[in-house]
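In what follows, a structure is listed as structure tokens, so that the remarks can point back to it.
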Amino acid sequence: MEKYLYTALFAPLVSSLFVALFASRPKMLFTGVIASILIAISMVSSFVLLIDVNTHGALHVNMMDWIVAGNLYIPFGFVVDEVSVIMMVTVTLVSTVVHIYSIGYMDHDKSFNRFFSYLSAFVFSMMILVMSDNFVGLFIGWEGVGLCSWLLIGFWYHKHSASWAANEAFIMNRIADLGMLMGLFLIYWNVGSLQYEEVFATLKDLDSVVVATIGIFLFIGAMGKSAQFPLHTWLADAMEGPTPVSALIHAATMVTAGVYLVIRCGELYSMIPDVGFAIASLGAFVALFAASMALVNNDLKRIIAYSTLSQLGYMFVAAGLGAYWIALFHLMTHAFFKSLLFLGAGNVMHAMHDELNIKKMGGLYGSMKATAILMSVASVALAGIYPLAGFFSKDKILEVAFNEGAYFLWFALFIGAGLTAFYSFRLVMLVFFGEKEYIKHGFHPHEAQPFVIYALLPLGLLAVIAGWFEHQFEGFTTRLLARYEIHISHGIEIVLIGATLCIAVGGIAFAIYKYQRGGFSKTWEEGFFYKLLSNQYYIPKVYELYIMRPFTMLSQFVWQKIDMKVVDFTVDSIARTIYKTGEKSRKMQSGNLSDMLRWMVVGMVVLLVLALFYRPMA
Amino acid sequence: MITLTHYLILTGLLFAIGLVGVMRRTNLLMLFFSTEILLNAVNIGFVAVSKYYGDFTGQMFAFFIIAVAASEVAVGLGLLILWYKRNGSVDLNSLQMMKG
Amino acid sequence: MEHILSLLVFFPAVAGLLGFLVAKESIRAYGISVSVIEFCLSLILWIGFDSANAGYQFVEYYAFIPSYGMSYYLGVDGISLFLVILSTFITMIALIGLSIEKDIKNLIISVLFLEMTMVGVFLILDVIWFYAFWELSLVPMLYIIGGWGGERRMYAAIKFFLYTFAGSVLMLVGILYMGFLYYEATGIWSFALPDWYLLQVPFKAQLWLFGAFFLGFAIKVPMFPFHTWLPYAHGQAPTIGSVILAAVLLKMGSYGFVRFSLPLFPDATVYFLIPVAIICIIMVIYAAMIAYAQEDMKQVIAYSSISHMGIVILGTFAMNAEGITGSIFLMLSHGIVSGALFMLVGVIYDRRHTKMIRDFGGLAQVMPNFATVYGIMLMASVGLPLTVGFVGEFLSLVGFYRISWILTLLAGTGIILGAVYMLVLYKKSFFGQVVHEENRSLKDLNAKELSALIPLVLLVAILGIYPKPLLSTIDMSVQKMLVLMDQKAIEPATKELIMKANSIGGTH
Amino acid sequence: METISIDVASLNLPALLPMAILALGALGLICVDLVVKGLNRSFLTMITILFILLDLGAVIGYNGPSRAFFDVLLVDGIALIAQVIILVASAIFLPLSLSHRHFREFEMAEFYALFMFMIVGFQCMVVSDNLILIFIGLETSSLALYTMIAMHNRAKAFEAAIKYFTMGALAAGFYALSALIFYAMTGSVEIYQIEQALQARNFEPLVGILAGTIFMLGALGFKLSLVPSHTWTPDVYEGSSAPLAGYMSVVPKIAGFVVAMRLFEMLVYSGVVWLEHILYAAVVLTMTLANITALVQEDVKRMLAFSSISHAGFMMAAILIGTTQSNTALFLYWTLFMFTNLGAFTMLWIVRHRKNLWDERYQHPYTKFSGLVKLMPATATIMGIFMFALAGMPPFSVFWGKLYLISAAINSEYIYLAVIIALNSAIAVYYYMKLAVYMFLKEPVMSDATLYATNASTPLKVIVGVSVMITVFAIIFVEPLLNILTKYVSASGF
């Protein structure tokens, strides 16, 4: 089975390196095709591994040593177990679709080849992330996806906003990475190893404070990658990247790496329920917080991005409350329908010549039926309507929250579900139905190429059916992950499901009702809440005003005032003082013979005086 | 009674006079005289001390000093003449080409 | 293999002397040939090196002034081996990428002499000779900066020279005092480092001696607040000077810490551990901030060097194998990466005759290969895993975490700030539209530049993915040194700290 | 009258032989010159060198008792070393007369005779601990030297000679007074007897002893150019020809050091703490002030003058420390310094041009050397080596002397002194480097390389070659030199 493992892992790398050879050349179709094929091979291998793990259990290989120093031993080791194989399948599946889709989407881009190189490199990094058998290996992938995210967000580097967003994403992630590194250091110095197996085996012997600290540090890492508050601003800005990138990286895979980390460290987090609860609370907060921002945004991609953020919050609630398999389940289903949503949005953008303002769209259903249907399906799934995928996974999370007695969290998520339904359909309505605003702006929308639509079909299918495998999924993953027992009675469960469904349907209905009549009136937009939400709670502004600018000013100050005017000046003035003393002492050398003789005599006299009055002790 | 102390005081006084001369005189010739006074002051002292100890070393030293003083004068005057021939002055303030 | 170390040290110097006779037209080829041969010699050294042996190998000993304990004593161990290879490698690369035409003969001869001093510093085990090579390295560098530098080259060259010289004269006093202590303790004069290793220095003397050595090393590294010569030197030096300065000369200082301060004065090292660590953290953060504020591309990299050297020193003072091995590895990686970055700045400077960031912008469109190589080096510089930059930084920080988590956290902000200034630099220079017409017609990397840069790129990747051969060799010698430090320690607190730093468990 | 009968054997005349050889040589040369007109300078130079070599042979060959000639002569280890240094230095400085251009003084036999007399004077200073003989030696050498300076026959040479002469006369007065004080207190002019007598009276009255010491310090301070009696040095060096300036920076000082060593070590060793402190101050002041003033000089020769003051300060430090190692360090340092300084001054001699093309006043302003490496790379490199060697840059000659000296300071717990010496070398490196900066880093002001070689001749080139070899490969000589020096220094009880 090892060869499947290596195939799954390295096919994307081969793809990336191969395509990179043509990176600076003009578009060559075969690069996209070959990349897609290689990623597909990786996907097939992943499925083979899935079956294999199901029958034979986990697979663990140690490829080679990496860092060996002192007591520290870090190999390139890979593990394919119930969790990682699910991630692998999800990642490769979505990646394959996105690769194929991109052949169409990037058709006219002059950096077509480069795009595929980066995209495949991302898949490779992601595979490393999920397959590694130790924390540092995970960190390689972690940083690798960060790099690829940087490259891909800033793919159109001639755009200022794109490169700015890329840097923002990278730097914010770095902040979190530092937390993660600290966690790794702490683990190392307490366990002496960074292998998952050894770490989890030793955890129970450790001081609970240490475990909690490790948990917090690792979660800080997760917060960056999964864009949790307050490190969330990069995600919305990351929408500057090409849409396939948003679909793959910023919806389906990379941003869920944080959730994956928490799930992977389930054994650790289950020892520290308090930290877990804090994670869940933050998750619930973000779920609501992000959803609220999605309500008013007019940017097609940003709405979906906020939705992603909100869903990540759901995942963290589940993971924080110890329902790891449920978090993973939602992660997977979300990957399917959210990437579908993004890719559909990509189609819309293409049709609208990269216009993103949904207020300028409307009535696109007429010209792009397939896309409209796919996106509607994805939205329904996202809203959590039975029997689509989102229903099964999201409802489970609400149940978990209720089950844990965290009614407040449950309530937040409950409201969030309603908001989700509303904004999803606000988007659908504004884009595909209602007035054809685009005509005013002179757009001529057209449906995407057929193969692009076909490529989306598997995702559409999965968005519908993925939830049906809930029990198989539970059975499979809980072989490794902790089981989660739901204690609440069946009746209450039914009531809860009903309530959730109601609010979701209510949200949808309200959106349809409202936007068929042209939406809210303009006066709304003057309101405080609207402004607050549309300005993202002014958080980016705060960051700019109170972090970036002061940092820039402080840097300037440190350089020009401290380094130049104090440190360097001191050094120079020492030298200058010595030199000036030289100029002064030079006056002694007047060249006048009388002065010279006087110096001699004065010297004698001074010494004589000293001889009389200066009596040092021996 | 003139004792050794008196001679030594004389030596000291003469030496001081010489020193003042060395410091104050700007005429090179007078300057040389001052240095001669210095040496001769010491001579007096040597001879007196020599007498006091009944030891000839001091007197020998005095003779040598006289000899050295003589040659000094010879060299000094030679230099002085050279300078005078070139500059027409024996003022030591004219010796200020080099400084700094 | 008997005299390979002497050969390594003096081959470039002899070649430099003979270089006077080579015609100007072919001096470039001559310089490259010599440096390639020298590099091959250093590789042969590596091949012949027994990586299972932690002690000194290929030892050459010749008592030079026996009555005063001075000897010609060469030896190589895991700590110095790769620094030697780094020196020869970087010299070779720098000469390959050399684009200066003016007085090239003098330049190449100077570089060859410089190579002798660099290799000498790393190979010599007699402290007086170490000092000699250490000081001598200043002279060719003075000439290189002052002779081929920018507008304020005199100021920069003189500042560099005087500053480092002033630092090292006090080190000389320290060396001689140490020799005296050795004489007092044993009745024999010796300036051989292995002899000194055996000497337990009284605590109080350790403190003073540590201070004296510290000054010499700290100025060279350069550590805050002794760093201000560096931006001038880099800002004004020609590319080859910056490359060698950043890649190798700075490493002399950090090498000095590993070679001298730690094993000779373990108690003082522990005593001064926290103050030094705080200086390191200041370096990391302070230099990173200044780098962010720079307008000159070369200055950014110059300050980033200071920032990275902060981590190197921090790792050195971690007092455990992880940290010290990591810091030595980081020296190597910083050598490769900063050398490459300076070379890249040189590439653009050759074309545009400016280093100001505002004069660039959109370079990625006109010079994609250049942008790619730059990007790779940038990622290595910010310590991306699987590049050479990560391994050393990670190990250094891991190591120091055992000493203090809060200081490690603060030092870790370097990885954030590093990303900030590097990415901002990259964005400003390479991204966006081409706003200056002059930039539109820039040529991408030519064959010469590629032949210098590609080896660096390959090394960045290879050593990032498979650092083990280096690490295990370094680690062997470092562990031996740690055992020695533990044995020599006088204060119980020192022993305790070394014990703690090298054991697992009980960290908060 | 009682007949004075002296056993000739007890006079131990061979001890006088070295001095006699040169004195006779000098007289002979004058006589020959009277008879034969127009002797070529090469003949004069070579014959003088031969006499010096004979003298050297007599010095080295002497193996009689250390006391001789009414116990006036004291041929001990340091006397031997000092004489060898003096003679070797004289022998290698003298051929500088054979420059390409002809200078009047080198055509005259008197110059060579004076030269030999001067050497006799120096030898008298070092082979005696009798204050009279030292005085005579001092004056003989000084008077000869004044004359030789003046023979350069330039206005500046006269000025230099007069300045030197006048201050020398004052210093002679100080010397005589000091000798008088010691004589008055002890009834003796032999240093070892003075020591015994002082110890017998337990160093009382201290003020008297201090007064004597002070005037001696003034007198020797002039010779050794200690602050504040150093003011003549730069002017005299500037006014003299380069060979003589170089010579003055080495030989008179070594003679002075030996005397200072004999005198002050006796006092310091006897626990006159006051003197130790005063010497300490003088040493620090001399090094520092000279170094700092050297920083701002515009002329290389003046800079070298100040640098030689500062080097003398280092040497005084050795005397202050007063251990065998430090005294050995003094001789080692001076030997190595001698060759380097010889090289440096020879270089100045070579580049000397008839007219002051670069500056109205200075012959060797820094600007003269601008961009020399582009015109004459070898000359520039060699000059650079000499400069870095003088700066104490390893592995060149002076470094080993400095190393040994600092080590001596440390070994005697003079840590601060060691640090001050070290810091001073750091300051000093600036002005040495300044010349290197001019030569290597600046653009040339003249394009004609021949301007810089108008005075070059084969002998000069040979001398430079020898000194550069010795400077660069000094490390090879250090060990044997150190052994010999240590042996002789410790044998004479220092």
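To keep things simple, chains are lettered A, B, C and D as they appear, and every chain counts its residues starting from 1.
We adopt the following convention: a contact is a pair of C-beta atoms (placed from the backbone, for glycine too) under 8 Å apart; a residue touches a chain by one contact, two chains touch by 3 or more.
Here the structure is a predicted model, which is why all the values come from computation and not from measurement.
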item: Partner chains that subunit B and subunit C have in common; value: A, D
item: Chain whose Cα centroid lies nearest the overall Cα centroid; value: C
item: Distance between the centres, which are taken as Cα means, of subunit D and subunit B, whole angstrom; value: 26
item: For subunit A paired with subunit D, centre-to-centre distance based on mean C-alpha positions, whole Å; value: 78
item: Separation of subunit A from subunit C, taking each centre as the mean of its C-alpha atoms, in whole Å; value: 36
item: Distance from subunit D to subunit C - Cα centre to Cα centre, in angstrom; value: 44
item: Subunit D residues counted as touching two or more neighbouring chains; value: 162-163, 166, 170, 234-235
item: Multi-chain contact residues (two or more partners), subunit B; value: 22, 31, 92, 95, 97-100
item: Residues within subunit A bordering two or more other chains; value: 586, 589, 591, 593, 597, 601
item: All chain pairs that touch each other; value: A-B, A-C, A-D, B-D, C-D
item: Residues on subunit D engaged by subunit C in the complex (per definition of touch); value: 373-374, 377, 388, 393-395, 399, 403-404, 406-407, 410-411, 415, 418-419, 422-423, 425-426, 429-430, 433, 436-437, 440-442, 475, 478-479, 482-483, 486
item: In the complex, subunit D residues that touch subunit B; value: 131-132, 135-136, 139, 143, 146-147, 150, 155-156, 158-163, 165-166, 169-170, 172-173, 176-177, 179-180, 183-184, 187-189, 234-235, 238-239, 297-298, 302, 361
item: Subunit A contact footprint on subunit D (complex, rising order); value: 162-163, 166-167, 170-171, 174, 207, 210-211, 214-215, 217-218, 221-222, 227-229, 231-232, 234-235, 271, 273-274, 277-278, 289, 292-296, 427
item: Subunit C residues touching subunit A - in the complex, by the definition given at the top; value: 159, 162-163, 224-225, 227-229, 286, 289-290, 292-294, 320-322, 325-326, 329, 362, 364-365, 368-369, 372, 379, 382, 384-386, 390-391, 394-395, 397-399, 401-402, 405, 408-409, 412-413, 415-416, 419-420, 423-424, 427, 430-433, 465-468, 471-472, 474-475, 478-479, 502, 504-508
item: Parts of subunit A lying in touch with subunit D, wherever the complex brings them together; value: 578-579, 581-583, 585-586, 588-589, 591, 593, 595-597, 599-604, 607-608, 610-612, 614-618
